[in-house]
Structures are given as C-alpha cells and as structure tokens.
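Chains: A, B and C, in written order; residue numbering restarts at 1 for each.
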C-alpha cells in the first residue's frame, strides 16, 4: 500500500486507510498468547506431517507469525451496469471500510461477448460491470494508480489484458502493475460454461499464456488458480477441491515448465482461490491438507526449492451455495462460522457473503454487516491471534489426514485420464453431478438437515428488496460502444486483430498481442472471437455473430 | 403415459447445477427429461419444443434478465403454434414478478426455497393440464 | 388430396409440429394413427437411413454434430433420432444427446428428436420404426439414428437402417475385448474416434483384420475402418465418402441389396410383433394380470398357459 497519497482521487483514499487490524494479542480476559502453540517435544511425525507455521510442509500455516505480521485483506465485491455505475458502488464500499477493490464483470464481459450481441441483450450489466473495451476500463479506474492500489478482478484472462492495457496506455511499465485475477479456464469449462463457451484445451492454453506472461512481466500481479470456489459451488467435496484443483495446477505447472518458466517462479505467483463451506471442522482440515499437498507436490514432483513456491497462499470466499433463502438472518451465523473456519485455516484473504446473498443483490446494509463481522472476528473473537489454533486437536489432525487421502485417490484417477480429457469427456462433470444428486437425495430423505430448507422452515418468506439501478448509464454505455466501433482507427484496429490471429495461429503467447489489440480499440468480443477462430473454433460460441474480418485474406 | 419434460437455460447463464440435479431427480421419478443444458437461444429452444413435442417445459434462471427472456420465449412459442405447452420457471424468481409471470401464462413458478417433490408433482401432472 | 387423413397431409407438407405429435402418439403405442402411418409409409422411401451405434463415451453425439455440419453444408436436409436408455428402475430417462448438437438448434433444415428406449431389449425404442416412417415421408435426405450400444442386441438397428456405422475408441485400454462380436458382424463402416488416443493405430489394424475374416455385410463391400477426431472434424469427410460409396454399392448390387432389405424388414416386423404383444399385455387391467401371475407363482398354471389366457382369451 502507498505512503504517498499525492495525486490520488480523495474518494479513493479510504482504500489506503481502513485495514483490518490486530488490536490485541491478549485474550479477552487478559491472558497473553503466543504466535502459535505446539508440542513440547517435536517428533518425526510432527516434523514431516505438520511442521510449525511457516515451516515446510506448511500444514499449520504459510507464515510463522500469520496474522500478527499481516492481517487478511478485507475485500468486498462490486460490479454492475456501466463503468460509471460500478465506480459509484466502489466508492461507497470503500467508505464502509473495504480496503481492496474487487470487481466482477458481467457475464458477457467474462465470456468474451460484446454487449451488442443480438442474443444476450437483456443481460448486459446485470450481474457485473460491462467492460467491453480498454476505454471502459479506463473510465472505471480513473484516478486509480494501478502501481499503488491493488485491484482484484473476478474473471479470467481478458481481465488482466484489459487492466494491463490501461496501465500501458498510461505510459507505465507492466512490472509495476499491482492486482490479481483468476486465470483458470478449465474451472470455467467445468462450472457450467461448457465446451461451447470455453473449449477446455483452448481455454487452458490461454490461461497458461497469461501466467507465463505475468510471471515474466508483472511480478506484482497475483494469479488466482485454481478458481476452486466455483468448482466447489458446482459440486465437490473438500477432498474433491484439492484433487481437481491440484490436477489443474499440476497440468498448468507442467506446461509452464515446458515453456521454460522455472517452477520456483511459476508457483510463487499463484494463490489458491478457495471457499469456506458450512462444516467448520472439515474446512479447517481442508486448508491444512491443501497446504501440505501443495508443498509436497511442488517439492517432490517439480523440485521446487524456493519458499515462496512451496508455501501456498490461499484466498477465500465463503460459500454462497450454503446460504438459505428463508429466514436469511440465519446466514449471518453461517457466514461468521465460515469466516472463522477460514481464519483458523490460515487464509491470506477473506471475502464473506452477505446474509441476503440468496435473496437479492446485496444491499448496502448487508455489505456493512459483512464488513463488521470481520472486524468483530479480528477485534473481539480473537480469530487471528494464534496461528493454526486447532492444530494438535485429534479430530482436526484425523480429518486433515482423511481429506488428504481422499484427495490423493481422486487425483490419481483424474491423472490417469489426463485432466484436459477428464474435463472434456465429462468424467469430472459426472463426479460433480453425482455429488449434487447425493446431497439432494439426503435432503429429501432428511438425512441431511439444513435449517430453513427441510427443517425449522418458517411460514413466511423473506421480503427481498430489489436492487434497482438506473439503466440510463447502461444505455449510454451501449451507445458509446457502438460509436467507438464506428469511429476507431480502422487501420490500426485491423492490424492489431490480424497480428493477434497470426500470433495465436503460430502457437505463440497471445498476451502482449491481446494488450496491444485492446489499446487499438479491439473489443473484448473481437479479441476472444479472434483467438477462438485461430484455435479452430467458431468466432461466436452462440453462433449469432460473424467474425469482423477474414483472417486469411 | 410417460411425461416428456424439456429442461434448459437461456442466455449466458452458467448456473446449471440446479437443472442437472433436477433432471436426475425427475428421471428417478419416471419422467423422460429432454436435457438442453445451458446457453440456448429462444429460437433454438422453441424448435426443440416443436420437434420433441414436449409435454412441459422447465426454464431455470439465476440472472435478473429472466422477465425479458421469458417474454421473448412466450411470444416465440405462440408465434410458432406451441403456445399451449405448459411452462414452469425455476431459480432466483422475485415474488414481485409472480403476477406478471402468471399473466404471461406461466403455470409453475419455483423460486428459491422450492421443494423437489412439488416440482415432481407439477411435472407429472403436466402442469395440471388435462392432456 | 382426397381421402388423406389431415394429420398425414400436414406431415407430408413438412409440418414439424405434427410430425413431433405423431411420433409421441407412436411412442405411446396408440393405434389411433395407423391410417396415417399407412399413408406416410407409402409416401416414403427416398431418405437414406443411417444408423450409428457404439458404447457410451465413444463420442457419437460429437461425431454426429460434425456430420450434420458437413451434410448441411452440402444442403442436405437431416433428421436425427437420438435414442438413449431408460432407467430400468424408474422408467424415466435423461435424454442428453440433443444438447451436443446445439449449434444446429435454429436450423430449419434439421429435425432432431430424442427418444427413450423404454425397455426395449436392444436399446432401440419400439416406436423408432414409426418415427422413421414419419420422417421418411417428409423427404429428408438423411435420417440418422443414434443409439447407445448396450444390451444384448444392438443388432436391432438392422431392422431400421440401410447402413450401420459402429463407433469405437481406443480409450479405456480394453482394446478389442470391448468390441462385442455381434455388432462387429453387422457394421458397414467402423469409425475409431478420438484418433489422437494412444493405441488407435493398433485398434484400427486389429479391427481391419477382424472384418477381413468375417462375412461381408453387403455384396462387393469391404467394411472400412476409419479414424476420426470428432472434436475438430478430422476424418469426417472420409466417413461421408464411405457412406456415399456404400450407397453406390447398394445400387450396383440389386439382388444382394434386396436380400438385405428382406432381412431388415423381417427384423422390423418381428420388432413390431414384440411391441404389439407387449402392448397387449400392458393394457391388461391390473387385476387380471396380477391374477395370472399369482396363478403361475402358485403353480396352478404354467407360464405359457397364462400367456395364452392373457393374450388370446377364449372369447376374443
């Protein structure tokens, strides 16, 4: 975070000020605590399976002091309508205490579809911010120095290219660019996007391109992979999260190593995007097993030696799927415990769902409560005081081992098929569908009780508020988009598009060409469609739009 | 008579785990599910209703764009002579929209908190029609 | 159009909706449409009827999706009958082939119908034959029947298709053991999909050897074994060429073709007989059926006696 606040939009100063702080290391009653607790005598088991926090295999935590040296980042997500709309929501969040900008793009943007696509008009700006061009990204980030302020983007490859394009266009060097996004496209194929929107091999290649590029050019840009939050929500157990996530990571690392990136560099820039589901103990066990699995894999399989490669950082978002529609205030209980699990599990960043998540687009009041919840956890509950507070519990250690063992078995089966094939041929999809069917059956038979769903169901439904935003800005945005397409410099636009196509055809890394294309006013839909064509797919996955040029002409 | 139920989603929506699970639950209840998955266009889905002679259609939505899509879909169904096929909607449907949806001819609305057995009964009875 | 039942007339005029409706009625075993089927059958005979079968996971739907694209680019009008197994426990089914052909969803030159096997032994729905009759009368250039190769007799497809394409892959490491003897004997074209899989070359060679040693499915026809990668369309053109060549061969060998068609029709009529019998028993009211079954269990009756009583009652 910056010390120098000159030249920054005053409304954004809030970003730099309201961190979640550690206010005391004493317990509430005044007992002083240590950074962590362990056995009086360390035995071989402890050394090989656990280690102290910050020690290989990092089961007990990535850092020795954990939250004493650095609290988790408090983030909240914004994103709706046109760039101007999101900017407004963004500023309100900062005023409430969030210190990281976290933006979600609307489905067309995240799928690489332009807002003027004939079939998806009703969806523009509804679930996130419409950001189809570099200029729109510039509008959103006006006054935000990307070298000083950490921006997190909740989608995959085009997010980095758009932000990098803005940064470059401002004359700044990419190696000063701060922020993060989630270049995991295999997860998208699995989580409902399907082969139609993200063909597995194509998506994966793109993800590896971005990671290779960032590792070399934007070392301060964090890469969230795997995006295991969506994988879990789609339908996986904690062991499944580790197995499928590691399958994706291993394949990605192998591809990067083939391209000449050292494993130490590649793995160091990665953070695992995880989830905290509703079983407190199972999730704590999962985070621990995950770190151990990661460390051992990096060391034994890839020969990594750098601490930063061996020690996994975890970003966590509490589960939306676990929240219940009826009597939504109960979700405050759920999210608080899930957040506590994440902290006992040692995550580096935490986003909690709002209690009204299943009911409506989060109200500002609900957002406030979500932030206060974390501040209560930090200051009153003592959640951050001690690293791995549940370490040494017989239950937790047993669960940790069991989750790990299940993950090992699942991963073996996936690797036998090959992860790309397992994604393409429906093997992993079937695991997920089976998981969901089991859960549904158990709910129907009352073998699994969820309060407000199959037991203790209140008579009355909640009254959802409606998130209404003025569509005026979106209309202007669409108009402006259309005008841009008319008025942009056609020569440089076309040259950029051809160069992108040719780079992709030639098997090269497409990230720089993507950035250059966006600077030349190529739209996100044109960018993605061109890459698709170069890889042998139809320009538009929805089959309604033709390519804007003939690439082989 | 075996009921043939078409299940699918329109637009960019990726949240299909609900209809995937529903497809299997309906199968286990003896229904033949014609599963169309994600990313269908209105025109494409209407063609499916015609060729498949569906007894009942289920559309699932997790985005707030559903009113507009449903309007387009109902219009297209009528224009293509299949306006009488019962239609049920599931997903994140806001209570304020129940009335406009019913006025459009939607006979089954299964918003958040709906029970599987209610949906199964609805489908088995083809939305309560006398077919 | 004197004397033609209006529903048949609608189908002959190309009404997809009516065709869909009639297929549903046929599936229900409703004899109400026999007059229509009579008219439509007589009007048909111009479509190529192509059967595609093979184990689950072979990529049939993806292959079919490619095939349709190619055929459509040649301006051919296509009908697809995608048949999936019914759950033996519940009788329901998830029919998920159509979803893989989504890019053709708006193409009016295509008709796609999903069907559940509904307990048919070979995995082929009883009403499939009627569906073919209905679609054939609409002058589609190609009617493609896709079935999953499960159960004892995939050979049911012989009763319907002019040409049988078997799809396999080298996946699963089972190799040749996974290819069931029965289906190999009737395959006119064998496609080895996912040709980029390790073991494909070996599988192709083994299959070539096996077909060389068995009886030809058609006079003058050597069953080719063709590699494809349906995900990118590689090898599809060779399959199309083989299909065309097969039909030329049919045309050039009239007598042999006639023999084969006779075998096909015989199989079709036997299938209809089975269906009729099954229908006859199914429409019996519960009590009489139960009474007969109980009588057999308590050995008051031998099973065949019960059958005669149920199906050919003395006073019918």
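The rule we apply is simple: contacts are C-beta pairs under 8 Å (C-beta built on N, C-alpha and C of every residue); 3 or more make two chains touch, one makes a residue touch a chain.
Keep in mind that this is a model prediction, so the values were computed, not measured.
S.K.: Which label fits the chain touch graph of this model best, line, ring, star, complete or other?
M.R.: Topology of touching chains reads as complete, every chain touching all others.
S.K.: With chain centres set to the mean of the C-alpha atoms, which chain is at the far end from subunit C?
M.R.: A
S.K.: Would you say A-C or B-C is joined by more C-beta pairs in contact?
M.R.: More contacting C-beta pairs are found at B-C.
S.K.: Centre to centre, by mean C-alpha position, how many angstrom separate subunit A and subunit B?
M.R.: 32
S.K.: Can you compute the centre-to-centre distance for subunit B and subunit C, using the mean CA position of each chain? Integer Å is fine.
M.R.: Their C-alpha centroids are separated by 29 Å.
S.K.: Between subunit A and subunit C, what is the gap in Å from one C-alpha centre to the other?
M.R.: Those two chain centres are 46 Å apart.
S.K.: Two or more other chains in contact with one residue: find those residues in subunit C.
M.R.: Subunit C, residues with two or more chain partners: 102, 106.
S.K.: Mind pulling the subunit B residues that touch 2 or more other chains?
M.R.: 24, 37, 39, 41
S.K.: Which subunit A residues reach two or more other chains?
M.R.: Where subunit A meets two or more other chains at a single residue, that happens at 196, 543.
S.K.: In the complex, go through subunit C and note every residue touching subunit A.
M.R.: 57, 102-103, 106, 231-232
S.K.: Applying the document's contact rule, which stretches of subunit B touch subunit A when the two form their complex?
M.R.: 11-17, 20-21, 24-25, 37-39, 41-42, 63-65, 68-69, 94-96, 112-113, 116-117
S.K.: Touching residues of subunit A toward subunit C in the complex: what are they?
M.R.: Contact set of subunit A toward subunit C: 196, 424-425, 536, 538, 543.
S.K.: What residues of subunit C sit close enough to touch subunit B in their complex?
M.R.: So the residues of subunit C in touch with subunit B come to 16-17, 19-21, 23-24, 27-28, 86-87, 89-96, 98-99, 102, 105-106, 108, 111-114, 116, 118.
S.K.: Over in the complex, which subunit B residues touch subunit C? Could you list them?
M.R.: For this pair, the touching residues of subunit B are 1-2, 4, 23-24, 26-37, 39-41, 43-45, 47-48, 50-53, 80-82.
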